[in-house]
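Can you read through this structure? Questions will come right after.
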């Protein structure tokens, strides 16, 4: 890529990602990436992760992810640089990319509004006073001071650092709810609404929103407190939904205890979660039918 | 907290800490903290660590610690900022806090003087020429170049980095002495006499000072060499006493071989260590009697 | 050491290193180092690593290494500072040091020329289309963005970070070739031709060059892309040969499948590797005879 001016790519969004199979210790992870669409100010990158057992040579697709980046000027990190267009092999590819671009733009907008609406304090409660399987019983949060080694060259938090902390909190929520081994099944689109600067204290909070028979949906927020050098309020920086499944010691999926909703908000969020669950299920079935038809 | 000007908190002292039970892999550590006293230029923070086994829900107090911080101005790290006073629920709390404040101030002063008195080179000796169970046989040291990822935002070493290295050296001393598994039982007050800057080389040295039937006391020094950008001599930055116990493979406490003292200094330090041991023992017994009386 | 002006030591070269025995988890590594020769602009440092099993007290030499450093001015990292001469115990030591200095200088020059000659793209190929045991089948590469925590105080990559990535890639090449457990037996002289700055993307590539009955030689390149803030081409920063052996599950050496060379370049490199192998073998036999004669 030849940019007009020196820039860095800031992660703006990770599309819904399914974790198809785990990478085991000693395996080699092969990561490949390509640019699949460019808008005037953003770049879509498709990443494929394959795990390879070197001894047997066996390979498995671990996960595929789609990431959106925004190029920022190295001289002025608040300036978004223009992206030089890429060449598409077929006109179709450009059209499909544009469709994906418009969809994610809409979704980002919607999430931003939802973030404005609902800002709930999620503090580690005294779990002793809460009934098991309620939302309050499993909700969890952690705080983290953003240090130099969490940051990119420009002094902003690496997207990967935030995502790891989000997965950690979501995993604790899931394990507290079902008291078994749990594993991340998928991550819904993650939107990075705002950059987080070195020196911020971030609060990562998770609460369960929905359970199906075999899965749990957990909403995770990242809030940043730029308390050190800016006279600025705490702000919502990232938000996402994680889906976990419960596993037996042998690695078999287990039934998940149903989430007990108490307040009106909890009931509403449960219904919204159910909507996302049914939508994803329908989409997956449509894909499977399409694939079956193509074979 | 609303400070008058932007500042960071520099760790000045960690009070004596007992390690009551270990945190196991897979457990969730719950850390909570509150400000319990403020003087004009320092803040006392009480930290509680609980470990939670998510699968069983069982919780245990892992350790409690009291830390003293000094706020430094972000614009001038050599300037100590004034601390806005906190509100106490009862007058009694303020009085007790003041007592703790005066006590630690005295102890810091005393340690500083002791540091001035005794500066001993602790170099890894040729253990082959030393008799087992002598001070020289187990004494150990390591050096570490303070890099960017060891530091806070202002470029000074994190207290936690220093404490980890101190525990590492003390653990090697203890294991070399008794040739069994060992575990940290307590850490005596750690005083951070001076800040350590990025680019310093630090030498962490440990030597055994005292053994009881079931425990070993190890003195640990941290000396800093600001060799890169300052025309300054090596200085004593941190010092503390660590207490270790020896464990069998089943995790049961084992008798500890007695420390063989050879020089006058070693004999004097052994007696001083015995004094600290008996004092701590008496204090603990008094606490237990008090607790028994309250029940 | 009293330098005329504040400086840092940049790693310029690591001489051939044999790994004599592994350091196991829980063992203490004792590292000692001394300056053994100084030229006007470089310093030779001998490092010895011993592993100590604390419980049994047993010690083993793990490896010995010779490193060459060049002191750079802290005020201007492009300026090499003059090295104050050291005192030698015997005139002989100085002469031997000078001989080592001249030899490494020649070897550095030779490697630099070879680097200029051969710049091959080593991209992860589709292994499915390659025959097992060919060069193309096992060749591997990884990319890494040099972040703040990879760097020294002056913002250049730590030699140790580069060496770890090189060992990682070489290990993957070796494991892909023989599909067994593998272990590093030795690293040929590593030359650090040029510094790598924070913000570079480095590509670490490895390809097998030679196999004997029991060992594999892998050539590893590190290329740096200073794409962020310099209008400069990708350049070869480091190169080295690693030797691996194949191990059974019980840790016994296994025969290594012979490398299949396809192109003229591969055949030439195989012969060059054979030359290095025979030279090292002859040197080791001469040393053993010398040692036997001295006893």
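Things to note:
So that you can tell them apart, the chains are marked A, B and C in the order they are listed, and the count of residues begins at 1 in each.
In this section, contacts are C-beta pairs under 8 Å (C-beta built on N, C-alpha and C of every residue); 3 or more make two chains touch, one makes a residue touch a chain.
Source: prediction; values computed, not measured.
Between chain A and chain C, the least number of touching-chain steps is 1. The best fit of Cα atoms from chain A onto chain B calls for a rotation angle of 120°, in steps of 5.
Interface of chain B with chain C: the two copies contact each other largely through different residue positions, with under half of all numbers used appearing on both sides. Computed from the mean C-alpha positions, the centre of chain B lies at a distance of 39 Å from the centre of chain C. Counting partners per residue, chain C has 148-149 as the residues that reach two or more other chains.
Residues 124, 127, 147-149, 172, 175-176, 179-180, 198-199, 228-229 of chain C are the ones that touch chain A when the two sit in their complex. Those residues of chain B that touch chain A in the complex are listed here as 6, 8, 28, 30, 32, 54-57, 74, 148-149, 151-153.
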